[in-house]
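Residue numbering begins at 1 within each chain, and the chains themselves are lettered A, B and C in the order written.
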Amino acid sequence: MNPILNSLLQKLENTPSALYQKDFLLTWEKTHGELETILAVAEALKNLRDNNISANCFDSGLAISQFRDNSTRTRFSFASAANLLGLAVQDLDEGKSQIAHGETVRETSAMISFLSDIIGIRDDMFLGAGNAYMREVGAALDEAFADGVLPQRPGIINLQCDIDHPTQSMADLLHLKTVFGSLEQLKGKKIAMTWAYSPSYGKPLSVPQGIIGLMTRFGMQVDLAFPEGYGLIPEVVELAGKQAKESGGRFRVVNSMEAAFKDADIVYPKSWAPFHVMQRRTELLRASDHEGLKGLEKECLANNARFRNWECTEEKMKLTKEGKALYMHCLPADISSVSCKEGEVEASVFERYRVPLYKQAGYKPYIIAAMMLTNRFENPSTLIQKMISDKKNRVL
Amino acid sequence: MNPILNSLLQKLENTPSALYQKDFLLTWEKTHGELETILAVAEALKNLRDNNISANCFDSGLAISQFRDNSTRTRFSFASAANLLGLAVQDLDEGKSQIAHGETVRETSAMISFLSDIIGIRDDMFLGAGNAYMREVGAALDEAFADGVLPQRPGIINLQCDIDHPTQSMADLLHLKTVFGSLEQLKGKKIAMTWAYSPSYGKPLSVPQGIIGLMTRFGMQVDLAFPEGYGLIPEVVELAGKQAKESGGRFRVVNSMEAAFKDADIVYPKSWAPFHVMQRRTELLRASDHEGLKGLEKECLANNARFRNWECTEEKMKLTKEGKALYMHCLPADISSVSCKEGEVEASVFERYRVPLYKQAGYKPYIIAAMMLTNRFENPSTLIQKMISDKKNRVL
Amino acid sequence: MNPILNSLLQKLENTPSALYQKDFLLTWEKTHGELETILAVAEALKNLRDNNISANCFDSGLAISQFRDNSTRTRFSFASAANLLGLAVQDLDEGKSQIAHGETVRETSAMISFLSDIIGIRDDMFLGAGNAYMREVGAALDEAFADGVLPQRPGIINLQCDIDHPTQSMADLLHLKTVFGSLEQLKGKKIAMTWAYSPSYGKPLSVPQGIIGLMTRFGMQVDLAFPEGYGLIPEVVELAGKQAKESGGRFRVVNSMEAAFKDADIVYPKSWAPFHVMQRRTELLRASDHEGLKGLEKECLANNARFRNWECTEEKMKLTKEGKALYMHCLPADISSVSCKEGEVEASVFERYRVPLYKQAGYKPYIIAAMMLTNRFENPSTLIQKMISDKKNRVL
């Protein structure tokens, strides 16, 4: 067995974890050990795949995906993860189904789950609703399982909601672990999660919230920066502060990109809509008030335009630690003079970090696979050891 | 081997059946023994799955689904069944294909079938057309197979047509068999298949037709109830009468929900459109006469409204055998003051039967899998014995 | 081992081929030996399947399809091929994804490929763009692989572009090889690739270009016939001439269907839009100029109408070799008085050749599977030998 896998397995054996049969909805509901387990399983699965060893542990079974918003990379990450483990993807497309016609969440949740092992949900359009929807599905599944309707209780994976984006933030964390060498090495490192200008509006809050909600747990110096009025959900900001204190790190809210970038080891400049705008948008979407939405968009874009200087430029990058901070983004980024006239990041900065950015994205399928695997198998270490000893080729 | 599986296998070995390579289009085209075989195979597959034993019997192969009407539960049931046996689902979506542009059914049927094992079709919108379409596909496949175009002749499964809904009625039958202990126990039991009020219109006739076309074969007392003008396809009603006589049961048409509920062991209250309305609707749909369709809908809803009292209430449930008849529905139901103001069933009745209703739905994937399996394997008993003795885990 | 497989394996062992990890974008970029390898692998896979022997060589992995134009048969062929080898299909649907919103091809190509083995692309709407798009994807994949972003570099298969339709022309070639006995037997045979009248407009040029670009390499007498103004891409026509000379065949452009049919062994009458019309159409499509497109369509249909006599009739078939030329088409054909009033082919001609036409289409899944397999496995002969000796049943 190769030494990397060996140390991952030792890590797994010695890390207490209760991920089995628990939904993955918010990173801050998981213990430190559980997050480490996800990382270790993801790394092990990547290592197996890179060495052409099969990670098939399902002979059959469905992984259901429900995307209530557009998605390319998360859709492919989910499909890749399911396929890696032997599950077939079945998409629940509300356009094709009868759900839109008054069928209750409770009933549908049971109906799609008779032979399903995993349900992945993206629901990030409505503030206050996405994560709540996932929990509603979960409660329905619990009930159906308890009632003997379902022979197993499928696990739910949050593929992005209004509050958190755990598959993204965990992939980001694995990227940081890989770049800096270990989670321990992240202690004291400064990360700048900052708002950035974009010519669009209404981007979800889940990425910045996911980042401050996760990175404050590893002793990092986390700066959250945004222009006045672009605040996040207050509870998440509060949580970040509390977690930073507990982990021996620091959490600050600052009001300029420059302040956040100062001596940063990592920068994560990304646009989002203000919390109160997302609240109004949610009300308007619910009421199907198209005129109201148009008005809100116009107002927001005008407001955004006041902060065009919130761009991640070469100039601002010089403020970071030795001018060499790691630039991160969940992609796709609004790249100035490439994908838009003025955007989140200067083209030369993006270009310089293209390879690490793509690698960052490449962890997501393995993070999702690790969430699936730990949800369905009580002892991931034993399972992965079996995969190694069976040594079945993925490609013959 | 567990005793349940053992007795199912004995049943299979002793039941003459010629399901191999025969399409499953109408339950009344199948012998009693064949229906029993489907039930026994479905039960065996469920038992295997519940015991984590793989039912994979295809190493590769496609199960094609064609949904010419919306569907959630049948879509997922079909996908689950295919996946259980090792087939991959490929959806034939006319929106994405060239079929809508004049390509003939004959040609398309051959073109999609070169490496396909099963084709599942839902086509319930046009009276006189759905089942006929399935037979047209079947004839094309026969011809292509005879001509050496296809190396195998894929089996067709009716996932709901204008006449019958065999995967539904067979799942319903398996539910009844389970609840009452055996098919023999169904003899003399009274089932009330009755129309119920709904604030929508145009619901297919296939469920009530499927129920009277199937349950009259097991010596049951079948009452069909509907308001004046809400009749079903006359040939199916006639068939039900004939079958009831042959099986030692009874079939009656009555004109009130109360009459049907009286001393019933089972009630199945469900809305449908009158036969003659479906005929007019078919003509209007064919002519793309949107004005005409609107007019028809308005007229029908007004007519429906005269029968708001055709609701399955607690009061009416008291009329049934000891007030404890089993309530059935194919779901989703129009639940009064839940999914609509006034509907098919009072909320408290639905709530009391939620668990059995969900279990009823849960048989469908296994019924479909049994239809697939018996279509492709001449000797299901031998095959299932092999699955048991191989004892390959579904989840590692 | 059966003698056919045996001789195919010998062929494979003795044919130099460098298909491994090379995209399949244009047949004329492949050597004669490489084309023979594709045919031999396709035949071997078909033989295995017909004998119920599993060709599963992937334990997991994704085959991505991207259809930028409608498709039934190529979609199913691609899905069948992927499934035959053990890959799961994941469709990249731009409607469902964020690609349409400014995300670059470069980024998306990497993002979908982390765990993918094959990418099949249909992009035939824009002249000068389809094949170029595939190469752009290919370059992005090369870069991502070189940068260590991707653990493997997925192979690209051209499922139809503006220039070539290699999965079609190769399936056609396998059909000809089967009908005439061998590639050697094709030497000196005359094939008439001719324009035919259709009541639609804007059909891609890739089929006629694919045919003249491939068949001129086998010593055939290739006649290309079209009415004035219906020329193909000049470079492909030039290439056809050059190849014919090299292979000891002949290539001519003639201006009547009759001239082309004269003494032909094979006829391939098929409608297409004139090259210069496709150029204008491309500009109008790019500019979303709906008025312009309507005008162009009207103008083209009027022009088409001048050539209604370019129909493959019984009368014209008499001109062919002993009146018995093999009629070919990529399907669906515009059949006079069947799928349209006046079209490409007289109904009785089409009917007489229905079976061979369907068989012709039936090679496509195996051709695509052969392209997939040779892209991922360096030594197809060894792999197929292993499949034969393992003798795992496809259907248990």
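Going forward, contacts are C-beta pairs under 8 Å (C-beta built on N, C-alpha and C of every residue); 3 or more make two chains touch, one makes a residue touch a chain.
Nothing here was measured: the structure is a model prediction, and the numbers come from that model.
> What's the call on chain B versus chain C, same or different interface residues, using the half cut on shared numbers?
At the contact between chain B and chain C, which are copies of one sequence, the residues are largely different (under half shared).
> How much rotation, in degrees rounded to the nearest 5, is required to superimpose chain A onto chain B on the basis of Cα coordinates?
120
> Could you give the separation in Å between the centres of chain B and chain C, each centre being the mean of its C-alpha atoms?
41
> Any chance you could list the residues of chain A touching two or more other chains?
Touching at least two other chains: 56, 88.
> Along chain B, where are the residues that touch chain A in the complex?
Residue positions touching the partner: 49-50, 54-56, 67, 70-73, 75-77, 79-80, 83-86, 88-89, 331-332, 338-340, 355, 358-359, 361-362, 365, 392-396.
> Under the stated contact criterion, what part of chain A meets chain B in this complex?
Listed in rising order, the residues of chain A that touch chain B are 56-62, 64, 88, 90, 92, 96-99, 101-104, 107-108, 110-112, 114-117, 144, 147-151, 376-377, 383, 386.
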